[in-house]
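If you scroll down you'll find the structure; I have some questions about it.
Think of it as A, B, C and D in the order they're written, each chain with its own count starting at 1.
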Amino acid sequence: MSDPIKKVVLAYSGGLDTSVILKWLQTEYGCEVVTFTADLGQGEELEPAREKALLLGIKPENIFIDDLREEFVRDYVFPMMRANALYEGLYLLGTSIARPLIAKRQIEIAALVGADAVSHGATGKGNDQVRFELGYYALNPDIRVIAPWREWDLTSRTKLIEFAEAHQIPISKDKRGEAPFSTDANLLHTSSEGQVLEDPWEEVPDYVYSRTVNPEDAPDQPETITIDFERGDGVAVNGEALSPAALLAKLNDLGRAHGIGRLDLVENRFVGMKSRGMYETPGGTIYAVAHRAIEQLTLDRGAAHLKDELAVRYAELVYNGFWFSPEREMLQAAVDHSQAKVGGTVRLKLYKGQAIVTGRKSPHSLYSEKVVTFEDDQGAYDQRDAAGFIKLNALRLRLLGRRDR
Amino acid sequence: MSDPIKKVVLAYSGGLDTSVILKWLQTEYGCEVVTFTADLGQGEELEPAREKALLLGIKPENIFIDDLREEFVRDYVFPMMRANALYEGLYLLGTSIARPLIAKRQIEIAALVGADAVSHGATGKGNDQVRFELGYYALNPDIRVIAPWREWDLTSRTKLIEFAEAHQIPISKDKRGEAPFSTDANLLHTSSEGQVLEDPWEEVPDYVYSRTVNPEDAPDQPETITIDFERGDGVAVNGEALSPAALLAKLNDLGRAHGIGRLDLVENRFVGMKSRGMYETPGGTIYAVAHRAIEQLTLDRGAAHLKDELAVRYAELVYNGFWFSPEREMLQAAVDHSQAKVGGTVRLKLYKGQAIVTGRKSPHSLYSEKVVTFEDDQGAYDQRDAAGFIKLNALRLRLLGRRDR
Amino acid sequence: MSDPIKKVVLAYSGGLDTSVILKWLQTEYGCEVVTFTADLGQGEELEPAREKALLLGIKPENIFIDDLREEFVRDYVFPMMRANALYEGLYLLGTSIARPLIAKRQIEIAALVGADAVSHGATGKGNDQVRFELGYYALNPDIRVIAPWREWDLTSRTKLIEFAEAHQIPISKDKRGEAPFSTDANLLHTSSEGQVLEDPWEEVPDYVYSRTVNPEDAPDQPETITIDFERGDGVAVNGEALSPAALLAKLNDLGRAHGIGRLDLVENRFVGMKSRGMYETPGGTIYAVAHRAIEQLTLDRGAAHLKDELAVRYAELVYNGFWFSPEREMLQAAVDHSQAKVGGTVRLKLYKGQAIVTGRKSPHSLYSEKVVTFEDDQGAYDQRDAAGFIKLNALRLRLLGRRDR
Amino acid sequence: MSDPIKKVVLAYSGGLDTSVILKWLQTEYGCEVVTFTADLGQGEELEPAREKALLLGIKPENIFIDDLREEFVRDYVFPMMRANALYEGLYLLGTSIARPLIAKRQIEIAALVGADAVSHGATGKGNDQVRFELGYYALNPDIRVIAPWREWDLTSRTKLIEFAEAHQIPISKDKRGEAPFSTDANLLHTSSEGQVLEDPWEEVPDYVYSRTVNPEDAPDQPETITIDFERGDGVAVNGEALSPAALLAKLNDLGRAHGIGRLDLVENRFVGMKSRGMYETPGGTIYAVAHRAIEQLTLDRGAAHLKDELAVRYAELVYNGFWFSPEREMLQAAVDHSQAKVGGTVRLKLYKGQAIVTGRKSPHSLYSEKVVTFEDDQGAYDQRDAAGFIKLNALRLRLLGRRDR
């Protein structure tokens, strides 16, 4: 029906699964494979991925390894944080926000190397396949997409291992057995799901956590920090100016030590099922708390409340994979318009799993001690105005009450 | 201009301020005063209020003291919790939700005793005047409202004390000086604001907290509890069936011990200014976390996401005093429709300021291990469906991409 | 893979396409076919459908013909009209609203006759397949669905005709050639799309219209009518009490004569593409105009504005096929709560394509001439209240202005 | 209490009411009066206003007369039209949108002449006082505002006339009696309300209409026109490039001749009451219809549906006077982001009160005949994708159905 695929750009981690995919693409599609490995701050060495790709026969010029950490935080995480996006009220969207960037870079590389297809290692039940592919199609409507997990017959761990062995793919010892859960990591978070987490009544076992200490093991002494914001984005921690990625990394260190940002969640996937996952977002959690705090001081009520309404939709769009959509961009335009004066300093206490705001100040503060004070305000506010305000707000309710009594 | 007021129902706490108001109403308006004192779980004896009212010349039949705790939790707090209402993303609306009930009871008493007016002790800068008065007018459009703080000239503490002394109002020693902050309390929360809290950069002093221990002083051992829900409402703690008010009281005890529910907030008042407050909502915080957790398991995605969008508006309406409004009732109808199957058990770990969900189960669970599993699902879900799902979701983005490249 | 299908309930119009489907189901699936033909007011005789089904070998007890007109208007059209639902600001959802009822009845019949599958004649590019199937699955999660247009290879008119001839399906002469456009009709509307309508720059040809006279040919004299409403629903036209279906039929007659309710629309389908259609909704257009008019008089502002916001979402849900979803039901609960006092009389002038409101009155009117009058209102409204109202509404803008100047 | 006012900028029409205000400000406040008269296309000569001001003793350098028509349409009407704003589903906001511009110019003039106050002639029951004053305060938080209608005792027509006579203010003969209704006009619309319109059951009398012919008297022959759009704004009529104001004026002429844009409305005022008004928006109505039509072709579904949801809020903000608010600006940023490719040509038929779209085309069209066609689409769309799309959209409903059966 369609033309054979000639060259495919694979999102390649260097792990067993994507190595099997790499080989499967070569054998099944008989096409040239280009690997793309991104450093999004997942905390793994990337050079082994290069070596493994070479070992599997990928030409050096077909191996792309990019450090995308700054772009990730600056152009994806921070804009999302400006929106105070929380999926289903709780989830900071750590996996969702990374997928569009990977998709974008794959499409760029495909253009660079003249590839006609892209491929990813996400399964057919999850959200990530949607996020990758909506990104691909939005950025290149004519790209071909290969999603091996939806196509092949390697439907069990055993078959996957057999395929790997048959094709001389090295298998580290700990990958031979079934993993007790699967993870995704980047500078913003680590997610864990599957297997031992599948019963939502069972507590998440301790060994699943990797990015944070158990709050019960965190220091008994709270630690106080400050974060500075400018135009809606974090710019410094404890007074030290930091790049976006460095700032998030710094907060990750702090959050890890104090056991901050663990979340055990049952969520609704875009593909229609509920799943249970565990997220660790140490630095992101601190950041989100602080961003709201500086907004409290510097954002007008009208802007703040509109943002709160838009945030629900924004989070749903990011979760569902619609980062590169006109509606997400429209919401971003609205959000960004509100952030011009969102700057100042937030002081937080980190303690056994919590980031607690203890103070905030700003050169752009809209808080007026003179107006709000219980003491004599010397005419800053005329309390009698409140009578008229209430009377007119009540008018429609009174007319209604008269009718309905 | 208008007829003289004959009889007024005053929301009376028995404290200095409302005692001054009581006397001021008698002298200024020359009208009969009916006092109404509600037990909303604020944790104070109410009989002293009766004695003080008698002392100030109120006839016994004009003194109303009602225990509204069950009605408060059942008909106000729980319905609001069903909506997951959080004002400005954080505040559980503890003061806001009590005002409509007080207003309603005042209007009922006014009808009972044939009063033509009601009065309250809220100041002219705050939200509570609005909440009281919108309630009054909605329930009796023709009632007269007296708001002494907007009318009189007792604009300083000194003048207030002088008036009290001049009218033989007993003044407890600790009320002679300026209070370092002002509070409001009920079964859901205690709020504190003013004076020592007015600089939002200054940390809330320890002595301001009254309902919770400092998390740093909370037990080093976490405590695990369960809450059972039926039709969206809590019905048992640790397996023990409890009435609404008893359940909230039980959670308050637990939350107090573990330092849960403190919130230092800069918020936007309906009257147009920012204020800084400190809230302690120990039981309510635990309850809200648990309610969301049981919803995660039992609420359909469509219902859950719609609720999240409506919750922002709902919270704003409650905060602004529009409890008795058609639009709040419409939202409530939508919310309540969603709660029929929101039942089951949530397990939480209470630890040094946090209520952490560690498990949830339900006879109405929509979570399907069979569908979500990473293992072979025996046909419960066909991964190839995802291809079509993505293709059609991408179609408009591809058409867009083709146009805009 | 799956068990063979034994018995299927087909939504059967008696036309060529569904007759071919009937035969195709018999031959392809070797299963017993049950036909279901609904009278939704499409204005066609249904007995020929029975005869044709018999001719094609359907057993008499397997032929279901139901008059669903009253249920359609009472339980689907009117509830939707209460919400003032307009898809993309203009479309009254005439096709969308009929599909759930057909789906529901098919599932009921399937239960009655013990069928394990249902089938419909909607194509693979349209919205109707989605609406049918979401309805089926919501009402019976285990039902099997056969969508012949997505499965078979009868991809051209010629092949369809050949199949019909090969299977002795009678073909009326006018069906031999390609139809210049395709239609769907029920008591609410007739839609037309395809072929001659596919270029959105070309004006809809006159011969496409079937339910309304050309406004230019409508009477030169306007006709004045009244519609009475109770609890949000129409109950009488020109003072004559009518059942829901009779009322809509009456308005259809009136609308037809005056050329009312034509709409030439380019819309966004749920499946991701834009399409161009022409709708004729004569009675529904008059009804919608009148419903809004009676709401203007009887609905509180808070309720009205909330309804306007919810209406966009409601319309999208109905259009996309989510009638039987928790979120549509939640919105309906909110909408219905608002309609208790939406009653009274609206007077309209019908004239050359327009339904123009010329008056409305109600025993539940919230309009107060006494309050609104330019003349002396004798104290009904104190203009000085407006000063305080404005001052407090302006406060946040002034604080903002002070900061940003 | 406050300092005396030295100089006030009055929004001055030259009519009786604002002339009385002018004199009243001089006598009551003893301050210098600066008059500002704007040409917003209301269709009146402005030079008589200058002469009258001179006659009433205003210094020539204190008389400001500005032609704001282009600014009005370009910076206020068009941005609002981009949002498809309709208050309460029907009203094109013709009065609301003019007030912010007048307020802005008054504040600019106040800065220019060193005035410490501004004043307007809006009454204490209407929306305009709010719109003016929110504009004033947003643009200059420290400005003083004088609203004579809320302050003075000229509460009847008779008293007003007496005051005018006492102060040698010329009174044209037709102003001596009570006007049967009051009006406001600008390039976008004329509104009429009060007196003969106060009973919402009574049809609007013919003599109230001033901007449109009665549709029954409009030409029997329809007239076909085209409007060209670029980046969301109209740029040409019938192929002739026109400035914003000229374009709207041209459409006004066309709309007037064909009786287009009449609206008889009962609406909810921000100050809490219902009022009944009649609006004539001839050109604006045509423009709004055409703008939606070009969006249908060029706007992505996600953008279009988000716009529809935001439009309700946007309209409410404009109606309530919050043009110069962060939240209106945020919504504008979102709307404007969507309009980059909203360009092309719309063809409309104007006929006896209606503007009917008969065609639209665009170089930026997202409509794809190739994809949507009923004919063979040569692989542009794979109908089998729809199966997966439906299956995953149905999944949650099926899980729900399994639980709830």
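Definition applied: contacts are C-beta pairs under 8 Å (C-beta built on N, C-alpha and C of every residue); 3 or more make two chains touch, one makes a residue touch a chain.
To keep track of the chains, here are their UniProt names: A, B, C, D = Argininosuccinate synthase.
Being a predicted model, the structure only gives us computed values, none of them experimental.
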Worksheet item: Taking all residue numbers at the chain A/chain C interface, are over half used by both copies (same) or under half (different)?
Response: same
Worksheet item: Does B-C or B-D have the larger number of C-beta pairs in contact?
Response: B-C
Response to the item:
Cα centre of chain B to Cα centre of chain C, whole Å, reads 42
Worksheet entry | CA centroid of chain B to CA centroid of chain D, Å | 40
Practice prompt. Spell out, as numbers or ranges, the residues of chain C touching 2 or more other chains.
Written response: 268, 271-274, 300-302, 305, 313, 322, 325-326, 365-366, 368, 371, 381, 384, 386-387, 389, 392-397, 399-400
Worksheet item: Within the complex, which stretch of chain D touches chain B?
Response: 300-302, 341, 364-366, 368, 371, 381-382, 384-389, 391-393, 395-397, 399-400, 403-404
Response to the item:
In the complex, the residues of chain B that touch chain A are 84, 88-90, 123-125, 129-130, 133-134, 137-142, 147, 149-150, 155-156, 182, 194-195, 198-204, 215-216, 220, 222, 262, 264-268, 271-276, 292-293, 296-297, 301, 304-305, 308-309, 312-313, 316, 324-326, 347, 351-354, 356-361, 365-369, 371-374, 376, 381, 383-384, 386-387, 389-390, 393-394, 397-402, 405
Item to complete: Using the touch rule from the top, collect the residues of chain A that touch chain D in their complex.
Response: 1, 268, 271-274, 299-300, 302-303, 305-307, 313, 322, 325-327, 329-331, 333-338, 379, 392-396, 399
